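Below, chain A partners chain B and then partners chain C, in two separate complexes.
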Partner chain A sequence: MATWKSLLLQDSASPLMEQLSFFHDHTLLILVIITILVGQMMMGLFFNKYTHRYLLEGQLIELIWTILPAITLIFIALPSLRLIYILDETINPLISIKTIGHQWYWSYEYSDFKNIEFDSYLIPQTDMKNSSFRLLDVDNRMTIPYLSQVRMLISAADVIHSWTIPSLGVKVDATPGRLNQVSFTSNRTGLMFGQCSEICGANHSFMPIVVESISPKYFIKWISTMIEI
Partner chain B sequence: MQGMSLQSLKKHRALIPLYVCVGLGCLGAVGYTARLALRNPDVQWNRKGEISNEEFRTKQYKFYSPNIDYSKVENPAPKY
Partner chain C sequence: MSEEAGKIPKPLMRGMLHSQIKRNLIITGINCILAGCYMKFIFGNGRKAKYAEFYKNYDIDKEFERMRVKGLFDSCDPLEESDD
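The block that comes next holds the complex of A and B.
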């Protein structure tokens, strides 16, 4: 989950997010190299008393500083394209879960078994305990079995929302009248947090998403308790 | 103009990457338009005869698929 002063991406809980994180590190390295190089050159220009009186044309240097950025961009583009195609793969999911965004809460529907539906509201500050995560905890979490491919079908009931879990690398818009599909898998058990990512009114910042990833055995127990409710 | 003839290009070598990039761009644009005109299922060059989508039943629209081999998966389009 996101904490104070964290500048980098959250720890990944999914293989796709791992790949995104590696790509981010690779690209950021290239950007830091370019920034330091240009900064160094500029500092060299500032603290320098030389003057080139006959500075004109310069064919070789122009050739070099056109070819080198093109090569650098290829170094960034190839991993990016590879990642785009990997993210687009469809693997047969084990379970399908629907989530509908409302103003200002999420509702989840598990229709693979008996029809399980529930709403997920933010726990307000007046009701939270000292150990709760402020503005991130919800009353009913969306539960998934870990190491299983999950298909999410996302829509909205009123205005556009966006369902996102940064540590799984998922962000999908919830558009009314449209069903968007995304597929992900969780590598480990635990709680994964996200917040609505499309402005949707007064309480846009107060409709978080919590995914609880548990072992399949406990997931089946959870399903059977939810069916009885 | 400087750089438009081969002799002046030898003097201004820095214009070569410009030619390469613009050339690639033009090739790409022409190639994309030609691909659209010839391979797009919405374009029909046949002036006579029945129009049908059957020749596109096995067409692979995805450029690269790392996991599933779509040529082996049956097309869910209805058969009339």
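The block that comes next holds the complex of A and C.
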């Protein structure tokens, strides 16, 4: 999860997010080079005392500053296209989970298993424990088995929401009347947090998402418990 | 009149902006290459190495058990005996 001093992306919990993170590093490399180039040029201007009084045109420099950005964009576009196609690969999922966005909570449905459904509300500050994360913890967490491909089907009941888990590299709009699909797998066990990412009204900031990534064995036990309830 | 004494070398009269630009471009180019090398080999490859190191000895079941007995998961009973 993000802490107060997090500047860059969260640590990845899925292989796709790892690739996104590496691509971000690659793009940041190019941006740093451009920033140093432009910054140093500007600093040179600050300390310059000379003037080219007869400057009218510069065909060579015009050519350079047209061709160079085009080459730079190719360096960004090729890895980006590679990643887009990797993200779009269809891998047979082990389990399908539906999530519906409401104002202002998420509901989850595990239709593979005797229709398990529950709502997930933010835990208000008055009900928080000392170990809870303020404005991030929910009463009923979504549970997934680790090292298993999970298919999420996302929709909404009222206005547009967005289901996000940064450490899994997932951000999908929940649009009423539409079913969006995303697939991911968790390489790590633990808790993964996210927040609604599409403005949806007064409590848009207060409908977080928590995913528990647990052992498949315990996941089956949890499913059995939920079926009995 | 002595023409030998008092002769100074001809001062630089022109091309000062041009030489300054050339010098600045070379320095900028070197800085860009150094920054690029740092970002690629230290920052970028460092992150990849950290991930590789993390997953090399990562025992996911052990980590899960460690978290489960602490009661971090709502879906798992922390007091339940592990079957492993």
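Criterion: the second predicted complex is superposed on the first by the 229 of 229 C-alpha atoms of A that agree within 3 Å, B and C clash if a C-alpha of one lies under 4 Å from a C-alpha of the other, contacts with A are read in each partner's own complex, and residues count from 1 in each chain.
In this text, a residue touches a chain if its C-beta (ideal position, glycine included) is under 8 Å from a C-beta of that chain, and two chains touch if they have at least 3 such contacts.
Treat the numbers as computed from the prediction; the structure is a model and nothing was measured.
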Chain B versus chain C as contact partner of A:Thr90, first or second or both or neither: first
Superposition-derived comparison: chain B or chain C, residues of chain A touched: C
Which superposed partner A:Leu63 touches (first chain B, second chain C, both, neither): first
First, second, both or neither for A:Ser224, with chain B first and chain C second: neither
Chain B versus chain C as contact partner of A:His52, first or second or both or neither: second
Sites on chain B touched by chain A in the complex: 11-14, 16-18, 21, 62-68
Footprint of chain C on chain A - complex, ascending: 12, 18, 21-22, 25-26, 28-29, 32-33, 36-37, 40-41, 44, 48, 50-52, 140-141, 143, 146-147, 187-191, 212, 214-215, 217-219, 221-222
Interface residues, chain C side, partner chain A - complex: 16-17, 20, 24, 27-28, 31-32, 35-36, 39-40, 43-44, 47-48, 51, 55, 58, 60-61, 63-64, 67-68, 72-76, 83
Residues on chain A engaged by chain B in the complex (per definition of touch): 57-60, 62-63, 66-67, 70, 85-86, 88-91
